[in-house]
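Let me give you the structure first, and then I'll get to my questions.
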Amino acid sequence: MIYITRRENFNSAHKLSRPEWSDEKNVEVFGKCANTNWHGHNFNLFVTVKGIPSAETGFVIDLKVLSSIIKENIIEKLDHKNLNLDVDFMKGIMPSTENLAIKIWDELEPLLKVHDCQLHSIRLHETENNSVEYFGQ
Amino acid sequence: MIYITRRENFNSAHKLSRPEWSDEKNVEVFGKCANTNWHGHNFNLFVTVKGIPSAETGFVIDLKVLSSIIKENIIEKLDHKNLNLDVDFMKGIMPSTENLAIKIWDELEPLLKVHDCQLHSIRLHETENNSVEYFGQ
Amino acid sequence: MIYITRRENFNSAHKLSRPEWSDEKNVEVFGKCANTNWHGHNFNLFVTVKGIPSAETGFVIDLKVLSSIIKENIIEKLDHKNLNLDVDFMKGIMPSTENLAIKIWDELEPLLKVHDCQLHSIRLHETENNSVEYFGQ
Amino acid sequence: MIYITRRENFNSAHKLSRPEWSDEKNVEVFGKCANTNWHGHNFNLFVTVKGIPSAETGFVIDLKVLSSIIKENIIEKLDHKNLNLDVDFMKGIMPSTENLAIKIWDELEPLLKVHDCQLHSIRLHETENNSVEYFGQ
Amino acid sequence: MIYITRRENFNSAHKLSRPEWSDEKNVEVFGKCANTNWHGHNFNLFVTVKGIPSAETGFVIDLKVLSSIIKENIIEKLDHKNLNLDVDFMKGIMPSTENLAIKIWDELEPLLKVHDCQLHSIRLHETENNSVEYFGQ
Amino acid sequence: MIYITRRENFNSAHKLSRPEWSDEKNVEVFGKCANTNWHGHNFNLFVTVKGIPSAETGFVIDLKVLSSIIKENIIEKLDHKNLNLDVDFMKGIMPSTENLAIKIWDELEPLLKVHDCQLHSIRLHETENNSVEYFGQ
């Protein structure tokens, strides 16, 4: 079993706030992340899949194929977008890095089953100091 | 003459679009950077000042002082903000990385004259692939 | 279950040597790390905790809280200090990166139990080529 | 149990193609990686071993020893070489990053048993976007 | 005047050797870089142009345009290629990093004159330890 | 004229304090950098030389030669040492990053004149946020 990781990037706006809370409560809980007019990040996404390398190609999965799946299903929807307003699979979800990683997993996991490999983890870096990782439950 | 550089970071939302242009024209000129609902970046700011090291301290400028000047006058105003809407010194200015670097220079240059050093350059990285540098004309 | 990681840094002096050994034996075993007058490093510390994201905030733990816990209990004690002489929880301990990671775990683990999350690992980079990771036994 | 990681680098040429396939088929399967006249990479190799720190030295393994074992047995054979033509342990093996990581494991694993530690994983970065990890089956 | 920099990458094979010299002399002069069967690198290319930001767009040059010019004229010709054998503008030229940077300048400089900006420098990183920069004479 | 840069690293202890000042005054001026028992850093040193590439080799200077000169004359003296106590060319000098860069220039400049190239600059990174550059006055 080999684990293979592809990095892709996206640049998005978001804010952390609950519409049913007052501005004061949102700032109290979320601090500057609650800024009314949004803020944003360069996100680094690391997708790891696992499987047995093919005897013919030496590949667990062709990285061009993996990159295309990620770009078409995730990056196209997140890059240069607003995570609160523009993304179908984030509708009604608080766009914390944790929740974003879980939702990216939910989008990618069924698409990768078709290939002879399995999604192993989603690692998502919001800044050079903050990151999350999700292994699917 | 020694050149000394301090890095600070800020995470902001922005968009590139001219209000007097149609959405179509804005997308034609600015591409996905014109996304109506904003996008964002982790900006890396490198401020370089030059001067003669003090015989007593070996410092051109105390980096704690330089860092405080940058944080109070620049980072406080840009971090977790919207560059089009929230920043006094960017009002009415297209928030391209180029213009942002020039305006940061204009804010910092008079503040650093007070100390025995001079602002040399503002280098601003929007992504790991894109950066600008400004030397004050 | 989501894993969330916070990076903090500290810059410290240390040396590897046993006082009951001769200088020759210390140099034989520890090489240049035994230099009598110390040497030092920029350490990068990655603290990973795991838990379920809150339905309200989307957070496993507020990263500002995690960062404060690490800074008050670890960084304050290690940064710009001598790991052999200045640190209460390293007294009498050989300050190898391995032992330092274990002691940081021992300090942080009880403090994080209070929150709805668990310490998962301490990863400590001494240089860009050398790092250790500890999972609590 | 502590996990300790040493990074080493090597710069090599390779190509992905099967001699029994036509050029067209090789390009169809391997894309630009099949370029007849080779291409190359700066590989980053991360070797992780695990064990109990020595009570005397605080070391799982002396990193100078680990580095020497990797350099003599792996880097000497791969650095500034052609992975398809010049490397004894890659003869007849498709030099995908996956297969290269497996073969590096096979070379290092018996050499590390002699010491009081165990090989835990081989992580190999081909570019900043592509990497693999192998845990020995 | 603002300086704007775009990074692009390419992965290539090369060797340093003069065909009219013996193998011994080539190894004596070029060391392991003379390996008969090639070696390779991940090159990082930084192209800096300078100009006045447009009053309308805030751009010195649209980075999508700059990136396209570099990709079509440089990256397409160098990426996954052999610098000694496959590249028209390197024919008969020793592919040292120095010479490669000069030839990239010679290719790009006339193409950028058409736009309202000027090529300022070509910076080329062969490894994380080795790089060159060329300012056009 | 081509500029070529070699990176080397060293890990050292130091402190900033003037023996003729009281502890209080040293802490007031130098903050935590005055810690009595030292602290330390991983320093990154970038040495840039300039010259014309040789028609035969394509080299401004053989990077193996440049690396050896830096290692023998600078790294050997600074790595795993105390910058206040152990270094001949820093005796009596406040070991600020500024002063250290100037003294490294003074050591290297005469040694590089012998070769067909000139020292252009010394860039020294103390942390990822702080660096200095010196061009020899």
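For this structure, a couple of remarks:
The first chain written gets the first letter, and so on, giving A, B, C, D, E and F; residue counts start at 1 in each chain.
Operating definition for what follows: a residue touches a chain if its C-beta (ideal position, glycine included) is under 8 Å from a C-beta of that chain, and two chains touch if they have at least 3 such contacts.
Model, not experiment: these values are computed from the prediction.
Listed here as common contacts of subunit B and subunit E: F.
Each of C-D and D-E has its own count of C-beta contacts, and the greater count is at D-E. The centroid of the Cα atoms in subunit A and the matching centroid in subunit F are 42 Å apart. Mean C-alpha positions place subunit E and subunit F at a centre distance of 29 Å.
Residue numbers of subunit A whose C-beta contacts span two or more other chains: 128. Interfaces, counted as pairs of touching chains, are A-B, A-C, A-D, B-E, B-F, C-D, C-F, D-E, E-F.
Interface residues of subunit A, counted against subunit B in their complex, comprise 9, 11-14, 32-33, 35, 37-42, 79-82, 85-86, 127-128. Contact residues on subunit B toward subunit F in their complex (touch as defined above): 1-8, 53, 56-60, 63-64. Subunit E meets subunit F in the complex at residues 16, 18, 29-31, 93-99, 101-102, 128-135, 137.
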